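Across the two complexes that follow, chain A remains constant while its partner is chain B and subsequently chain C.
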Partner chain A sequence: MSDTLFDDGSEQDDIQEDVMTPAELIAKLEEAWLNEKFSPELLESRSEVVECVMEQLTHMEANLQRVKKGDAKASVHRMEIDRIRFVLSSYLRSRLQKIEKFFPHVLEREKSRGDSYPSLLSPEEFAFAKEYHANTESYLKAVALKRMPPNLQTVDMLKAVPEPCLDSFVFLRVKERQENILVEPETDDQREYVVDLEEGSQHLMRYRTIAPLVSSGAVQLI
Partner chain B sequence: MTTSSGPWSDCMPASLAAREILCVVNVREKSHQTRPNQTNKMDPSEVEFLAEKETVKIIPNFSLDKIFLIGGDLGPFNPGLPVDVPVWLALNLKQRQKCRIVPPEWMEVEKLEDIREQERKEKTFTPVPSPYYMELTKLLLNHASDNIPKADEIRTLVKDIWDTRIAKLRLSTDSFISQQEAHAKLDNLTLMEINTIRAFFLDSLNCMYKLRSNLQPGSSQGQFMDY
Partner chain C sequence: MFCEKALELIRELHRMNDGQLPTFNEDGLRQVLQEMEALYEQNQNDVNEAKSEGRTDLIPSIKLRHCCLLRNQRCLTAYLYDRLLRIRALRWEYGSVLPANVRFQMCAEELQWFSQYKKSLAIFMRSLGGGEGLDITQDMKPPKSLYIEVRCLKDHGEFEIDDGTVILLKKNSQHFLPRWKCEQLIRQGVLEHVMS
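The block that comes next holds the complex of A and B.
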């Protein structure tokens, strides 16, 4: 997507924050945006990127407050801010949409994750998911369940709401060369085989096979 | 973040009801258009948005110091001196009649004719001059056709190239499906081209997967993402 990508993995963002230029930060946000847009499941929250971008925007907007009206530069800055803000809100919105769609599973995964794993959700998203869950349940109870026979009054949300379909196909571009990716057969009379993903090449395959590569940043969904 | 979770969560039953109505509306909408902002879908305007980040040369008719944007520095601008700017800015300046746009070097009748011939000759996808060739052609020709020599010919040529490629794309998706492949390499395809087949193609693959794996509704795997 952009030349200003990192060579190392994206896991040590705390350390990287200091060395990231604003341009690299925006590139990171756009990567996260496209990955989130095209992956069937909710990805790990990139709240550190979101926070840094917010900081940049607030900083720039504060600067613009001081500029007098009609300044040619200010209008260019405003346009850029609008563009970044669009990406940012589209990113957050697509995460909220997924949380609404898969809330029982998102919460279940959050519950079962060990302390050593980072949370999938930002604190705000977690609060949103919990509240959405509680409200959906009480709404269902109020309009339908309490009028049902007693033995039918419970609903298992985990079963009632479909899981994300990890077997969907996705389009991807390779950022770091990968070897021996196993491709599972579609039908019984086919055999499984392995492919190498060359850097810069584009592929169509099942999300399940490459899901770890998306979170490690080795491939970009397109 | 705080603004998005606050007001939403307070009115959940109402928003749920609204959602049911929305679902009905969406069923109707789906018949003629896909909803933008749906997960796994991308609107063509969003691809165009990405294309607008490409740089293009302009010749400004005003002077201005360097601009320090978040995404990098631009300028300085001097009348008559070419300078590289992102397409979104070039178009904005052009609309305000503050610059002349220099078309990218591939946007030229002879070069495009070569590419067209190549594309027609080869069975596979040939490399395109720009990953956003279609979007850039459309944007620049719609807003700055007076700066581009032989604009009409260029429009036709790019359309020819696009049509040839889309025809190939249809053939290859067809064989992908009929041979039940599990992996395909898509080098040289642009985002816009992928995007034209994305919704229909991926949905079909999901449908066929569901039919093949013969899952009962209510079981935990392979379900559709929609309610």
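The block that comes next holds the complex of A and C.
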């Protein structure tokens, strides 16, 4: 990536507490994108990354306008912008799909998380999720439920809509060395199965086991 | 046999497992609701009789009817919800204006749901990046090449590309154009991506 296209000077420093180079920002976006794509459940909201990337794209578009028309560099920069926009759109789509698919559970998780825990949904996603829930419920009522016997006019969404399968297997790469990860707990038939995860190694494991490591950034889903 | 009609609705959707939307089965829905009403009434009567005359022999039939009622409710909500998922997919494939032949398959309440859904989606997309907005229904595939071969499906007049040149989009003409410029027109059906 040519640095001239990202040359917007001081503005970036005001946005985040710790200054990130554009390359680091895009790397963070790609990590968040892959994690979200391969995780069976909705992950924490990364609105800061989304906002910064969108600002970055705006700057890149503006810089591109200044490049001499017909210059070969322009098409390469154009490609870069399109790639980043694709990753960002794909990331947001992944999240939206999971929000829609698991909407009662997502809303429940967000409602019941403590203040000290990071947000699962951005404010806009939260509004979308609530609207989706209300829309679907009022649809079901209007088209069928209100014409059913009195004791059957409600449906418990939390029971009716399936939960994400946290036991599905995922591929991961270890970024920070982990010791004594409990793969199988001790039962009457088997001893507890514990592994150490070496930095740089790749594994195929049940998501449930390594979920906390994904949110801490210790592993990357691939 | 109870719940037959409800199961038929499910089978109807199961047969079209490529995501197509069959016509809304208004008749089928009504029949299931009628069956539920009849079952409920019978149960009300039996429950009263069981209570007032101590007829405990009625309890198994009451339980059976209750199970049928629950099954009917479950089948109906599954039928309706699965249709909603197919309708949702239509927004992402066709855009916010549905072709008439698709709208014809939907009942009034489904059209209402769709209208509300696309409104929520639009509000969400507009709010991205602190109000800047991003249309995430675009860029569905990773950009593979800068330029693509396209054929014009209908007359669209003059079209200017970034370096200033103007192309005349006449029906059946073929052009080698920047991909990002063509995406919108391809979705609208004006251009067709020619893949050799």
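Please note the rule applied: the second predicted complex is superposed on the first by the 195 of 222 C-alpha atoms of A that agree within 3 Å, B and C clash if a C-alpha of one lies under 4 Å from a C-alpha of the other, contacts with A are read in each partner's own complex, and residues count from 1 in each chain.
Rule of thumb we're sticking to: contacts are C-beta pairs under 8 Å (C-beta built on N, C-alpha and C of every residue); 3 or more make two chains touch, one makes a residue touch a chain.
Nothing here was measured: the structure is a model prediction, and the numbers come from that model.
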Based on the superposed arrangement, let me know which partner A:R147 touches: chain B (first), chain C (second), both, or neither? second
A:R93 contacts which: chain B (first), chain C (second), both, neither? both
What is the contact status of A:N135 with respect to chain B (first) and chain C (second): first, second, both, or neither? both
Who does A:F171 touch here: chain B (first), chain C (second), both, or neither? first
After lining up the shared chain so the two structures overlap, which partner does A:E125 touch, if you call chain B first and chain C second: first, second, both or neither? both
Go through the superposed model and pick first if A:V50 touches only chain B, second if only chain C, both, or neither. both
With both structures placed on chain A, which of the two partners, chain B or chain C, ends up touching more residues of chain A? B
Return first, second, both or neither, reflecting whether A:E61 touches chain B, chain C, both chains, or no partner chain. neither
Touching A:E199, do we find chain B (first), chain C (second), both, or neither? neither
Can you list the residues of chain A that meet both chain B and chain C? 50, 79, 83, 86, 90, 92-93, 96, 124-125, 127-128, 131-132, 135-136, 139, 142
In the complex, go through chain A and note every residue touching chain C. 50-51, 53-55, 58, 69-70, 74-75, 78-79, 82-83, 85-86, 88-90, 92-93, 96, 100, 124-125, 127-128, 131-132, 135-136, 139-140, 142-145, 147-149, 152, 155, 160
Which residues of chain A touch chain B once you look at their complex with the stated criterion? 22-23, 26, 30, 37-38, 40, 47, 50, 56-57, 60, 72-73, 76-77, 79-81, 83-84, 86, 90, 92-94, 96-98, 101, 122, 124-125, 127-128, 131-132, 135-136, 138-139, 142, 159, 162-165, 167-171, 183-187, 190, 195, 201-206, 222
Over in the complex, which chain B residues touch chain A? Could you list them? 1-2, 4-5, 8-9, 12-13, 16, 37-40, 42, 46, 49-50, 62, 64-65, 67, 69-72, 74, 88-89, 92, 176, 180-187, 189, 191, 194, 198, 201-202, 205-206, 209, 212, 218, 220-225, 227
For the chain C and chain A complex, residues of the former touching the latter: 29, 33, 36-37, 40, 69-70, 73, 76-77, 80-81, 84, 88, 107, 109-110, 112-113, 116-117, 120-121, 123-124, 127-130, 132, 134, 136, 138-143, 146, 162-164, 178-180
